[in-house]
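Paired with subunit B in one complex and with subunit C in the other, subunit A is shared by the two complexes that follow.
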Partner chain A sequence: MITAPLLEVGVLVLGMVILMFEAFATKIDKRILAFAAIAGLAIVLVATFFVAPVPSPNQATGFWNFYTVDRLSVFFKQFALLTTILVLIMMIDYAPAVRSSFPGAHDGLGEFFTVPIFTCAGLMYLVSAIDFIFIFVSLELVTISFYVLVSFTRKNPVTLEAGVKYLVLSALSTAFLVYGIAWIFGVTGQTNLQRITEALATPSTDQSATLLGMVLVLVALGFKIAAVPFQIWVPDVYQGAPTPVTAYLSVGSKAAGFVVLLRVLRPFATLPQMQRLLVLIALLTLIYGNLAALPQGNLKRLLAYSSIAHTGYLLIGVVCLDSNAVVFYLVAYLLMTHLSFAVLVIVAQQTGEQIADFDGLAKRSPFLAFAMLIGMVSLAGVPFTAGFLGKFFIFYAAILQRQIALVVIGVITVGCGFYYYLKVVRAMYWQPAAKIDNISVSTLSRIAIGALIAATIWLGVYPQPILDALKR
Partner chain B sequence: MVLFVIFCPIVAAILIMIGAPARKMAVAASVLTLGATLLLLASFSPEQHDFQEVTSFPISSEWHLSFTTGIDGLSLALVLLAAIVTVAAVWFAGKIDKYQNAFYACLLFISGGAIGAFASLDLFFFYAFHELALIPTFLLIGIWGGGNRVAAAWKITIYLAIGSFILLLGLILLYQSVPTASRSFDIRALKAAASLGQISGDAQRHIYLLLLIGFGILTSLFPFHTWAPEAYAAAPAPAAMLHAGILKKFGLYGLLRLAIPLLPEGARHWTNLLVLLLLGNIIYVGLVTIAQKRLDWMLGYSSVMHIGYIFLGIASASILGVTGAVVLMFAHGLSIALLFALAGELRKRTGTLVFEELGGLAKVMPFAGLAFGLGAFAAIGLPGFANFAGEIMIFFGAFKNGWEIGRFHIFQIATVLALWGMVISTVYMLRAYRKVFMGALNERWTGLVDLRSALRVPVTLLVGALLCYGFFPQSFVRMTTPAFRTYLTANK
Partner chain C sequence: MPPFLFWLFASLMLVFGAAVVLNRNPVASALSLVVSFLGLAALFMSLDAYFVGIIQVLVYAGAVMVLFLFIIMLLNLRAEEGRRINWLAATGGIVVALILVIQIFSVIGHFQAARQTFPSLERSTTDDVWNIGALLFSNYNLPFQIVGVLVLVATIGVVLLSKREPR
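Here is the complex of A and B:
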């Protein structure tokens, strides 16, 4: 048994050790660093299953005022570690693209493999945070490391543009967050979420002022999870960033945003104004994400819009306050998004990122085409895949709460989703190939992709393990 | 045994995808499935009202979700249909130019998915198995189709995906409509709850409408039928056989299995709407069928039209009408599969299905001509074929519904109009037969050869089943009626 904060300490130490090693051992193949990082994170991942219980929040003192280890947070620590491991595997495949953008001796790969470890630590702190100050600090750790990652191949003007956009808008959203926290603190005199809930229950608290603060916080979180109207940065940044970083942004950053959202909203959820606002945001996000995805010809951009669309489905779950449905959806989303991006990283280096570049992939690499097929049908929500059960639980919650507008729009947008996801399937299976050479896949990627396929189908048939993990 | 029937095609499909010899494996698996189904039929005891051969594997105790399979007369009839049509479709498929293994795997997936849906006693798997069968249909049309395959595949994909999700909403609402304590995905548990009156009238009306639209889209109920003819015209013959023959029956099966027993109040409320829509199927689509100039489109429209009769039987909500609907589902599945198979063979040999370019083919292909004639007569509903048995039961059942001496209600009017549909279908079927097989033989076709003897086996199988249940419908009726008696006595 170990105490939970040791996990983050372990990740941070791992990151520093690898960074030091990189600085002094200049001659080695940099990919060894990535393997070391993967191995280290895997050890921490195993360790998360042996976390000791914590004092209950009521008697919490000192550090435990900021930091909690409930079911949700341990689950999401595992989620963050798994995401980071998968991203690192993708980064190994992506290494040639990074190397080519750094002419000269210093190829930058060492940092490319190390920064995600710190992001991971930030994500792990974030999901445990129960205090606004701590939320802010760990969110900044995540965001600042993403500034570096997004613009990593900075010789490419598109990437540089993406980096600048992300930097400016993210800084703006952070400002909103701080401003919102200041309002809430000003009214309630508290930053701890539990105490804010208590303060809100007393009639003397000014509710409208807290609501204003909460709306400002919502702006910042809306940016993180890519909800309309804070989604403008998403398509450009997703398209411009190195593909593994895009996957990381789209899964890690979003999942952390949702965990914080679920935690932060709890004190405010009972207020009807909040409910109405969230319904409106969810509707807009669903409509915008799905409609804008329809005409896309670039797969990376398509996945960016699809990520907005999935935020919409997740927000339905948030509106219904069904955290289990949200968490299950996030797990499904992790699997299928990583699957799609893993294939994209490999194929894009051979041909390109356009959907047309996937023409006839089934002939060139049946394995990759099948992986992409599973990824796409799962994103679209076909039964026997994790994506279907995710949508099922979300719609179940929405119907139970009689959120008619959300359900109707949700179903129509699912129809749109079928169109644009199957466009990729059509290209792979129905179109003739431009080139006919085979695409080689490294063993590690093959194992990772195979495991993702198996997990996507497994959770689509037998979701009980995840449901159990959340219940215990 | 039921599990074997479901998973035999699916396992064979997976083996074929891995690399087993496609055709041999597929034929063996489908024949094995048919054999197992016949064993099921032999061991089935019609007197028993409950589901038989029930097996259950719990999946989620929290959601009362389990993988439960079992059969009653209704599901057995459809599983039998699926097994027969699968053998015929796989047999007819022959050699495929590209991706032969994937083609056969898709066919078997459709078959396994359909059988799984028919034999599932759990709403979730009932739905999921059907979806499993839909995806290979899209692939079959998109990859191996002819004509405007990409557009057709596209249309059917979007149409049926939206239909399925509307259906899913209906199913979730159904699950939630019973009190929390008795919530379950198990159809039997839901039926028990419904018989205790735990589903309120309001809920029934909403759910029934959703189910009607969802199942209606999947089953090409007017006005949601436009995907069907185009898709069938573009689909390779075995895919059209499997979809029109088996998979389209899923929506009808769903209405019979869920809507009528669980939502009688909803069914009553929407009867008039359903009758209007099915008249659209019979009359409007019937007239459209007459106007067709190509055999494949004509067959596609005719299959849409005949669905109207089955809906009439379902709408009648009488034991006679509903049993007739099941008989007609079975018979229509066989006859349309036969016609699509022959049309596919014709297209393979002549490269065209335009009426103007064909003619007199019975001279060079006497066996195909005979088989097509039998199929056409069956589709019209000539006595001696199972279609006749089904249609006559539907008409009697529907006519008797709510009839008082001296006053015609909507059902009587609908029956009279539907009877005119018989005339319409006679017109187009016989005209198609005359234009393709009779008349002067075009010079171009003198070199055509008749069906090889190997291909005569599936034809004989289909025709034999049609005739068998046409002369002895009683054995079929005895099997299926007990499935309805328990809940239709209440609203005779």
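Here is the complex of A and C:
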């Protein structure tokens, strides 16, 4: 048995060792570093299944004021590790594009493979954080490493624009977070979420001032999870960032944002104002994400809008405070989003990232076309895929809570989703190919994509393992 | 500290904070930011937070802003001076800021703790630096160490993104 904090220490040590190795071993093929990182993270992933049981929260002193080891956090540590491994596999396929933006002997690949490890450590800390100071610090670790990753291929003006937009807007959202924390601390005198809950229960605490602080925190978290009206950065940044980084942003950053949101909202959940505000944000996000996705011709941009739309469905789960439904949806979202991006990384290097570039993919590479098909139908929510059950649990929770408006708008927007996701499927299977070639897929990617396809279908038929993991 | 000093320093901060945004000349903006930081440092000191106040002057007003000025002077920023204000965007921004201010005032209006006078802090036997250091290395050790990792990642990023291309 090992204790949970060792997991993050392991990830951090792995990152530093690879960084040092990269600095001294200049002659090696840089992809070895990525394989080492994947292997190391896989070992930590296995270790997460042997984490010692939770220390009782009564003896909360020092370290345990900041850090918790509940079921949710261990589950999401595994989630963060799995995401990072998949992103690193995509990064190996993406390596030629990175190399071309760093001329000369130093190709920047070593850093490209190491920075995600530190992001992963940040994500793992973030899902364990139960104190606003620790939430802030680990959120900044995640965000600052994303600044680097988003603008990595700096020769490309679109990427630079994405990097600057992400930097400026993210800094603004951080300012809102700090201001909100300051209000909450000013009223309750506490930064620990548990103590804030206790302070809120006493009648002398000013409700409206804490609520103002909470709304400001909500602005910052809304930015991270890409909820309307804080979504303005999403399409440009997702389109401009290197594709593996886009996948990382849309899965890792969003999932951690939702975990923090669930934790932070718990003290405030009983206030009716908060409930109304969240319903409004969820409705706007659903409508905006799905309608804006309809006319898109660029697949990366389409996936950006679809990521906003999925935030809307996840927010329905948050409104109902059903963390199990949210977690299952996030797992399904991880599988299908990584599946789509993994295919996109490979195809985009051959032709491009427009939907038209996927014309006739079924003839060029039946395997990739099938993977994309599964990804798209799962994102749309066709039965027997993980995406369907995710939406099912969310809507079921909403019906139990009598959130009729959310269910009605949710179901209508799912219909919109079918249109734009199946547009990609139509291009792959019914359009003639502009160019006949065989796209080669590396063995590692083939294994990863195969596993993702299997997992998407398996969870769509038999979701019990995930539900058990959350209940145990 | 007498109340009029608070109002003096607070309005100094606000006026020069606005000047940072309104000035078209980047050098003037940067210098306004320095004055704004000095006002903030004075406010910290009025709250008996001497260490934070001095760090504010040394690090932000001193080191960081000097770097800013160097970079601004190295770059050729003539284009910035000729830029016009986008009145539509400016109006939108002012409206949003006004709504926020009204919201904050309405909350403060109901806020009981804002009206009562608190007893002054008891004199501590140890100095500020000692207190902050003790907190950083005891209770807040974990966030402090994560900040170390954060600085490492930021360093990697800066070196990487600002590297010159070989000729």
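We take it that the second predicted complex is superposed on the first by the 472 of 472 C-alpha atoms of A that agree within 3 Å, B and C clash if a C-alpha of one lies under 4 Å from a C-alpha of the other, contacts with A are read in each partner's own complex, and residues count from 1 in each chain.
Here is the rule we go by: a contact is a pair of C-beta atoms (placed from the backbone, for glycine too) under 8 Å apart; a residue touches a chain by one contact, two chains touch by 3 or more.
Since we're looking at a predicted model, the values are computed, not measured.
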{"item": "Combined model on subunit A where subunit B meets subunit C, clash or fit", "value": "fit"}
{"item": "Residue contacts on subunit A - larger count, subunit B or subunit C", "value": "C"}
{"item": "Contacts of A:Tyr419 with subunit B and subunit C, given as first, second, both or neither", "value": "first"}
{"item": "Subunit B versus subunit C as contact partner of A:Leu212, first or second or both or neither", "value": "second"}
{"item": "Touched partner set for A:Val187, first subunit B, second subunit C, both or neither", "value": "second"}
{"item": "Contacts of A:Trp430 with subunit B and subunit C, given as first, second, both or neither", "value": "first"}
{"item": "Contacts of A:Phe384 with subunit B and subunit C, given as first, second, both or neither", "value": "first"}
{"item": "Touched partner set for A:Ser138, first subunit B, second subunit C, both or neither", "value": "second"}
{"item": "Partner chain(s) touched by A:Asn290 [first = subunit B, second = subunit C, both, neither]", "value": "neither"}
{"item": "Where subunit B and subunit C come nearest after superposition, their Cα distance in Å", "value": "39"}
{"item": "Overlap of the subunit B and subunit C footprints on subunit A, listed as residue numbers", "value": "none"}
{"item": "Subunit B contact footprint on subunit A (complex, rising order)", "value": "377, 380-384, 388, 392, 395-396, 399-400, 407, 411-412, 414-415, 418-419, 422, 426, 429-430, 461-464, 467, 471"}
{"item": "Complex contact set, residues of subunit B against subunit A", "value": "59-60, 62, 127-128, 131-132, 135, 138-139, 142-143, 150, 153-154, 157-158, 161-162, 165-166, 168-169, 172-173, 175-176"}
{"item": "Interface residues, subunit A side, partner subunit C - complex", "value": "12, 16, 19, 62-63, 65-67, 102-106, 108, 111, 114-115, 118, 121-122, 125, 133-134, 136-138, 140-141, 144-145, 147-148, 151-152, 154, 187, 206, 208-209, 212"}
{"item": "Touching residues (chain side subunit C, partner subunit A) in the complex", "value": "103-104, 107-108, 110-113, 138-143, 146-147, 149-150, 152-154, 156-157, 160-161, 163, 165-166"}
